[in-house]
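Two complexes, one shared chain (chain A), two partners (chain B, chain C).
So, the complex of A and B:
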């Protein structure tokens, strides 16, 4: 079987998900034995910008018309499109408080010139094109990327936890920051996959992986309210990283 | 009028290009174009509480996320008058060293090296010559391990907070890290061997102004609050609180990165600037390495930034080892962060990201909410200097051969190790 043709792209973001791929130091050379990376501008200067791709992986949010054009072009040449990271899946910090008028902020910052910069309302990938798979995380866990490649090579959809960070946190037998210390920890409403990295270090979860879809939000909210955090404050926290998933 | 366009600069972080306009043999204009979308994080962070700021602003850039995160914490701590513990200072310096090792290894081996050896990528290079790529990946992994052990994650660290750390790293992990660092010392020699063996890059000479953090101690990345600007024997010092006089930024139409100059002249920041500004000249092994690399300071060739990164890579590994020895000697304590009492006021902090000076400045209200935020990044500071050096390289290319110019400009751009996501930063209108 010939190796699948893969493209790895970044729209507007911090390049952290592409860097997470390059951080698979021990596996990179094995990886190129299994997949044919045809276009990866961050790592290679001979990318083929036209060829059809079996898999495109795209990180970042859409915040310019140029991003939107590039994303549509990538979609058109790719059989499977994977959104990589919280910005691509949920809008991320670029889309934070996205009801604020970007044009106005640009003008405030750059003066008159701000009117000339390419800008559009910040969006997640699925708001522009069809997305086949999502790998969330800010940044993604590199193990999730490797597992996704393995699944896709086998023709399987990549699967990720659908339970909240709390589940992983309890498995690690941490003291609960929310219940025992009254800290605003977003663990009950944030999707797992990080092995409760922050609460393990006594740091409250900031919700960087986006909302959990399988949770019982009513019981989580009741817990927050019991601890004295009002609904608006919780939503505001979640909207920092996942503005597209959490209505204002 | 003819035009040379590099549409999308590859093997750099972010989205940028280069445009050169020639009028006959004369260089009419040179531009470093930045297409990166503006995320407007500085105005968006207004109204957020002090503990939300570093996790949001570290997202400016993944490769420099330790620098952004720790500079943010330093600025907030300055605003609130918080003094962190000596252990916190050491752990933070260690994170900076880890980030710099990772970033320099990534840049030198995966992004810059393929140019010198005529390959499109490190992966293509590895198919023919695996040794240098494996050397780079080993060092890159080591830098990431330091960041993971101390910061909790290689990208966007979570463990460093206002006032200190969530949890100090366990002794066993520091001991394991120490043995990895000891094993990496010989790799440092291989880095110098490799970089000394690369073909000379002698196509851009220019008088250059350098600016870097003036550190009062060995910690050249994190300690101190003054910038020194150096040109041919002249020195000027700028205090953190007056950083605006250093940057004098202006918006330009072809880029969402604002351009900076000092007294009307572009200046260069990064490894080469740090070596030039730091009054402690390399000694012993480093002095020998510098000689082998044929690096003379102050340099007049921006390509020498690659050699400076190689020297720093060796030094960072050794310094990281010293810090761990000290932490183990002193005994690592399970400290809690210093309690935070927010107060109204402004705090600015200057540090050195792997690619140069980084400044964060915030104003807080008395509840500890941001009312104004300003971030000045190394790639934005470098943008005007890059354009100057592009111009010199075109002028110094005698036959104006388009392919040669294009190749040289890309190599110069990469030598600056630009982080274009970082460069797009926004400044409050005053």
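So, the complex of A and C:
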């Protein structure tokens, strides 16, 4: 059986998810023994930019028309498309202020030159093309990427938690930052998978992995307000990583 | 049952002797809360604690554990990691021992769980009496006293710990200390009875569980469930900290490039969206309200039908772990009250 052809791409983002893949150092040889990485611009400049792909993994949000064109082209040549990281899945940091006047923002940052720039309100991949699987995280967990590849090679969909950070935080028997210290911790509405890395270090969850399936933002909002946080601050925190999730 | 007493001043000595029966674990302080942990040194133990964040359940049914490794053509090899480790859990409250007895009914009943069974065999339990706080309702749940499920159980009677010897292992522990333990006399019996009486009067909460199962049956359509559903975050904290929530999820971690892998189980909760999601895509409890309702019904009604008593022991952990203050005792109270029927 020939090895599946894989492409790994980055749109607008910090490239942290692609870096997480390259950081799978001791597993990279196992990986290339199983998959044929044809196009991975961040790792090699002489990829095949035309060939059909079995699996495409795409990081970053769509922030320019060029991003949108690239994404559509990737979708067209790929049987399976996997969104990689919070920006690709939920819009991420770039989409934080996507409802503000774009022209005004461009002028504020770039002055007169801004008018010329190719820039559109940031969107998650699923708002442009069909996405088959999501690996969320800021950045993604290496283990999730490897597990996803293992599952896809077997023809299985990758499975991810449908429970929030609180679950893993409680499993680790941490003190609760929200209840005991009154901190603005997004654990109850953020999808798990990080093993509560931040609360374990007494840093409240900022929601970097995006919302959990069937989150209850209305109750969370009421709870945060009850703890004394004003709406503006709560809203700023909630939309930082997953404005698409919060709006929906 | 053998009843003896240990002079309080000799508790350190007892603790050092008891270590020959296993690694000593006890409640230690963690930022104002308590957790069961391996003791680095005996003085770290906090025997006058309210409740630990996680119940002792974590020792018998760990949050995540590997069940077996499998490889096509070779079958599977059960994981035995840590199963034969001998541990002495020192300072378990009555409600938590009661909860372990409930878990025994589930895991050592008709279908025996070998992992649970091995751990239950190798982990000794030394119980200790406690003073109820504002969130304790173990007495209402008939779990403020246990007569089995422990090896030794200590009652603080002032200058002594009065000890109930629950098993042969407990008796071995007593014997291993030489003559540290003494027989009890009339004054000790009075001291015990006084303690028992005082504890009874110390409860702030009183929940009536008689005919509760029937009231749950009647209130199946109560508006309370929708109200709770709007509030509940489905965060699962209550299940994680519950000493009798035993639902687990099973998943296979496949090795890269093969069909071999390992099967793990991890704590699950009926509050999660996918708990009742099945292969066809059907979800029997899609609404959050139906999920939190299910949790209450399983604890207070379903378990009664199956095992003759609620699976709740009134430890109060779910109350202290709920970010939105959903309070089991209050919910039961509201269900019982006539004036609240209007909420239907």
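Before moving on, here are some points about what is shown:
Following the convention adopted for this analysis, the second predicted complex is superposed on the first by the 225 of 248 C-alpha atoms of A that agree within 3 Å, B and C clash if a C-alpha of one lies under 4 Å from a C-alpha of the other, contacts with A are read in each partner's own complex, and residues count from 1 in each chain.
To be clear about the criterion, contacts are C-beta pairs under 8 Å (C-beta built on N, C-alpha and C of every residue); 3 or more make two chains touch, one makes a residue touch a chain.
All values derive from a computational prediction rather than experimental measurement.
Look at A:208: by the touch rule set out above, it reaches chain B but stays clear of chain C.
Shared-chain residue A:27: touches chain C; no touch with chain B. By the touch criterion stated above, A:221 is placed in contact with neither chain B nor chain C.
Applying the stated contact rule after C-alpha superposition, one finds that A:128 touches neither chain B nor chain C. Looking at the shared chain after the overlay, A:153 reaches chain C, while chain B stays out of its contact range. Between chain B and chain C, B touches the greater number of residues of chain A. Those residues of chain C lying in contact with chain A across their complex are 30-33, 35, 53-54, 58, 63-64, 230-237, 240-241, 251, 253-257, 259, 266-267, 269, 272-274, 288, 320-321, 323-324. Those residues of chain A whose C-beta lies close enough to touch chain C in the complex are 27, 30-31, 33-34, 146-147, 149-151, 153-154, 156, 159, 162-164, 166-167, 170-171, 173-176, 178-180, 187-189, 212-216, 218-220, 222-223.
Here chain B touches chain A in the complex through residues 8, 10-15, 35-44, 48, 52, 55-56, 59-63, 65, 106, 110-111, 114, 120-124, 126, 130, 133, 137-138, 140-141, 144, 152-156, 158-159, 161, 165-167, 251-253, 256, 258, 410, 421, 426-429, going by the rule given at the top. Chain A makes touch with chain B in their complex at residues 10-17, 19-20, 22-23, 25-26, 28-29, 32, 37, 40-47, 63-64, 66-67, 92-94, 96-97, 100, 102, 105-106, 108-111, 113-114, 116-119, 122, 138-139, 197-198, 200-203, 206, 208, 240.
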